[in-house]
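Two complexes, one shared chain (chain A), two partners (chain B, chain C).
On to the complex of A and B.
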């Protein structure tokens, strides 16, 4: 089926050359442009794809698109949340279809160009070779991509859409329909007295917790890694194993154990302090001391990971650098500052940034240790609530799913913009040849 | 010739709009209307039961009996009781839902609002079989949504080695605690989770406090009574317990249980869920109803679980019959023997099986005096502020009057936000 007939090249001033006609035909229906280009097999194949796509998905997309626009019209019969989900899936399927559709138009245009130049368009064999050759990596990535869409993109889209609805207890299917409300949730959030009264203090503590816990856990990890890395230290493997243990125990188990260790009246920590003559510390009931306890626990939970990371990097630093520094008469501190620290930070910066982002939303430790408590008189937030745990309290007992989604978007925007800014500033992604 | 490039794009848009314009399902609004008329005898009814193994086995046994009796097949499916609502929300409209469901009664309000369950129609004789408080628990806005099978209440556990007979009144109990508490030796006269409103509610009730004002069998959520005269008096009473160091600050139920099992505590206030734990620890203990307070029987919170009629059931009458069978005297007796759950059935409480077990008798008696936790969703906004207020009172951070006023203000704001 190779197109053997070579047409004469069209005049350059003619607006409707072969590429344009082919592209327009492809717009009308997938494959028409290809047929016009005399690529019969490809054209028929594209036509088949298009009709089977429409045949299989038409009803689903029809209901899905209608559903996402109206969110249902008859209560009890239409389940708004299911319609929303179907609508999002429809959008994803349409996006996928459009990708192929545009590829088809582009292909028609390009082949048209080839024909206009008077060359022969690629035949079926060549096309097959091109597709399998260039397309092979994409073929391998495809399952991963679909999985990513199903488990990451879809829930994210769902959450984003929810933030613009009135989905709460009183507007909940099957009894009631959910409606689109635009940006109302975001405005109402900031207008509500409940949110105004503690937002600033919660935000401050969130930032302090994030900065202090991440920085110290990294510093501690780095310090221990360097210590163990010293030539004079013996039983290196033993020390590493012991120090990695906090990481090996599931965090929520450790946190619950710490909760009982820090108990005001019956906890072993206060018992020890009392027997030393220091008196008990109100770990669970005084906001200041609860914050200290949470930070201490987070250091303990977090340092092994940083230590493992830094150990890996340290082992990769060439000893030549240190020998050269010694010849130049550098002190140990100078060696640390000018060789170890820059190289370690350079290699670990991306992980460090993700750790900051992780601690910003570190719900586990806050909630499991003391449920964000101790309570503060006249405030909806406890003494150690960070944004995410506070939002959880405010929205989940009152079934305000719409508010929860709205706040999550705000938090995500904050974390993402800071992370992106930091990522772009670190050299890790710019100079790729500092460590060879 | 740039427009040449844009022309295909414009055509795509036209096509897209054309597709969108013709969408939506074809249907008549009438099709939602249920056809009225006599319903036929169903072939099968489905029950979603709690997946706890004893309970599930007992429910299956009863289902089999009903099948033999009526000829209707009853299928029992074990489900996580607290996730049943979420599951019914999706399975119900899809036509895969059950006829009967169960969960703690304080979640009935949510279920009615989201349209998951429907009122049942039974004769007054049937309703009268059960304790009034348990029927009230299953009633939402004046309509009955099911029949009760279990009731739970807190009561007074006492260590027989330390105290032979529990005091008859609350005032005597506090006196006893004052004389027999020595925190330095971890010795206590009376312990309970005093910073938890669930356990303190009977004190509020005793002096005239209430959560929401009841008007014509409905709760008025605009009127919160947790800072009225009576509530403040209860606040002072609780403050005294902590001020006199009768109860250590911040104590939780786990610690209370631990100390009671070590034999350090003469009396604790706890629910029937602690029974097997205490029995396992070989404590020589007895259970009594809470002592009289302010001259009257203590009204503690009770929790009720019943069988409710799913809103998606296609066999309303048959399912209602099944509910009546599942909560009949014989069924509840069989259930009690299998699971130890205390039934709110008036005749059954007088039955020898229950009367002869002193612990169960005490819980059943106390449950009879109790008030069900409000089953409206606004109750969810009460717990945290009031518990925080109790913590402030216990720790001496705020005076009871101020703490309760603050809590009520917060509760009102939260309810407002919930309905926003």
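On to the complex of A and C.
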């Protein structure tokens, strides 16, 4: 802010007029610029706000900022994690204060401009009226925004900070202090033998699971939608209703039921395989077969949604296109390649991308089926753990909060890049301001 | 002749595939219903078509002093109901502001909502656990509801804002000319018009806590505060082969109401998700 002051002052081609003085006074202290503009009530009000802000929050912010830098200095007395939380809240409060501070400077400058033009600035009564009218949207947004900051933004920030500490079972307050360790947790994930093995195998399986499950469930859904959509197929409503069922039944119920269907010794699937003379498959104890089972279950869970979605798109495609293609002698496959597929993909691409993001974090199937197992010796993750279920285990089984947070940040980066990709192709956002 | 044969063959293959898929789809569902009617209690003895079918597992759930099924069900309904109301309230307020007013931070607000809705709130589970224990909200339904209600804001705000955008602005401008205040316009005109989308939001936020496993698993620790998903998981996990049929009965009673509501309304779910995704 000092920089901007100097910059404004040093520009020779600009006259040193009243708005600049008002703005500079407001930089020195909230309200001074308004007083200079002869908006007495507003100026006094701003001064009061500023001093009560400082009076109320000074001690809190002081401890918070000290806390977030040092994370406490005396074990048993300073609680590092509480200090970290207070530090983050302090940062949020400071950010809020800065917003008001800049609005105050901008206001002083704007009113100064009005005065420079020789017009009378709005009096206290008019200001009150504009604020109450103008303030309505803030009133509407406030409760939601407050909750959003409390339960989404604040936890996310907290987690980001945790990833750079050594907070785990052996460094847990109040008995011990927690320290900043920089990027050590991330380096260890890639370098230290134990962590590297777990991380790489979990990451690979997460990617494979995401790509295979989402692609196959979509393909299967599209395929079934096309089969049912054929003119000569009868009982369309029946097929659609029955095949939508896996989506209608809550996923946690279905997964738990599958857990027992795939049971190694008592499960009906192995019983069926044995009676066919194939012998039982170690679904629950062999990592490879557990992965196969998880993929099969996810296909079952996921195809109905894609089917419903594609059915909607197919019903919207004009039959003229197909008739024209038939006149040109196109084979059914050519019709699919050149008409159906592009149109369906175009319409469903955004949803498909969210599906990839969803499966990337599909905790339920992994954890409810076999708790990420079977366990792998020499690894902190089970044989079928994906990143998010690994985070769960790191947090609640081995209390390695720092690594859990670091892995979560890696997940966030992946999801973020998917999100940016989707963001770019979202048309409605670009058209956003046309609505106004 | 051959072409006709081919087309017949195609139809037969189509029906064969569809029948196969129907069998695959129905088998687990019928099997769990069958198991819930089995007289035995173990997984080993359960079968698709039970001999001597019985409803005793259902009565056990509701009458046995060992069973906490009713408590779980009531907990879940309570959490789902409150969350649904709170979410509709918060979302409609925020969405209306974003749809109809210009204010500082509107554009950046929309942009950050777009990013935030990609992150499921479970991603911050490390933080939730530590923070909730700090503010003494661990093991309370309130803590769980607040997380649900806060986490849904970005996604559903987009959904509802899209709907508000489609209501002609002339309507509220006319009301303003007639002297209606901000509140009157919002509560008397806009909210009633947005009923369909608000119903969808209410339903989304009712179903989510009904079927969620991870958050209640983290937040709720004492058995009498559990929700259905966590309770049933504990059921099958701790006493696996002994109580399987009771688990099956419990699952059926959760799945049926949800599935029925879902089948009735699935059209809205598809369009809701599709528009939600294109909007953001």
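Criterion: the second predicted complex is superposed on the first by the 289 of 436 C-alpha atoms of A that agree within 3 Å, B and C clash if a C-alpha of one lies under 4 Å from a C-alpha of the other, contacts with A are read in each partner's own complex, and residues count from 1 in each chain.
We take it that a residue touches a chain if its C-beta (ideal position, glycine included) is under 8 Å from a C-beta of that chain, and two chains touch if they have at least 3 such contacts.
For clarity, every value in this text was computed on a predicted model and none was experimentally measured.
Asks: Per the contact definition in the header, classify A:241: touching chain B only (first), chain C only (second), both, or neither.
Replies: A:241 sits against chain C, while chain B stays out of touch.
Asks: Counting only touches as set out at the top, which of chain B and chain C does A:316 meet: first, second, both, neither?
Replies: neither
Asks: Looking at the overlay, does A:82 come into contact with chain B only (first), chain C only (second), both, or neither?
Replies: Both chain B and chain C are touched by A:82.
Asks: Taking the superposition on A as described, I'd like to know which of chain B and chain C A:342 touches: first, second, both or neither.
Replies: Neither partner.
Asks: Return first, second, both or neither, reflecting whether A:393 touches chain B, chain C, both chains, or no partner chain.
Replies: Only chain B is touched by A:393; chain C is not.
Asks: Which partner chains sit in contact with A:219 here, chain B, chain C, both or neither? Use first/second/both/neither.
Replies: After superposition on chain A, A:219 lies in contact with neither partner.
Asks: Name the contact category of A:266: first (chain B only), second (chain C only), both, or neither.
Replies: Touch partners of A:266: chain B and chain C.
Asks: Does chain A have more residues touched by chain B or by chain C?
Replies: C
Asks: Can you list the residues of chain A that meet both chain B and chain C?
Replies: 82, 263, 266
Asks: If you look only at chain C, which of its residues touch chain A in the complex?
Replies: Within the complex, chain C touches chain A at residues 11, 14-15, 17-18, 21-22, 24-26, 28-29, 31-32, 42-44, 47-48, 90-91, 93-94, 96-104, 106-107, 109-110, 114-116, 118-131, 134, 146-147, 149-151, 153-154, 157, 162, 165, 182, 186, 210-214, 218, 229, 232-233, 236, 241, 244, 247-248, 251, 254-255, 258-259, 262-263, 266, 270-271, 273-274, 277-280.
Asks: Provide the residue numbers of chain B that touch chain A in the complex, in ascending order.
Replies: Chain B reaches chain A through residues 1, 4, 7-8, 11-12, 15, 20, 22-25, 29, 31-32, 89-90, 92-93, 110, 113-116, 248-251, 255, 311, 377, 380-381, 383-384, 387-388, 391-392, 395, 397-398, 402-403, 406, 410, 413-414, 417-420.
Asks: Taking the touch rule as given, give the residues of chain A at its contact with chain C in the complex, in rising order.
Replies: Residue positions touching the partner: 81-82, 85, 103, 133-134, 136-138, 140-141, 143-145, 147-148, 150-156, 158-159, 162, 224, 227-228, 230, 232-233, 239, 241-254, 256-261, 263, 266-268, 300, 305, 308-309, 312, 348, 350-351, 353-354, 357, 361, 363-364, 367-368, 388, 391-392, 395-396, 401, 404-405, 408, 411-412, 415-416, 418-419, 422-423, 426-429, 432, 435-436.
Asks: Going by the contact rule at the top, pick out the chain A residues touching chain B in the complex.
Replies: Of all residues in chain A, those touching chain B are 15-16, 20, 23-24, 26-28, 61-63, 65-66, 70, 74, 76-77, 79, 82, 101, 105, 168-170, 172-176, 188, 192-194, 263-266, 284-285, 373-375, 377-378, 380, 393-394, 397-400.
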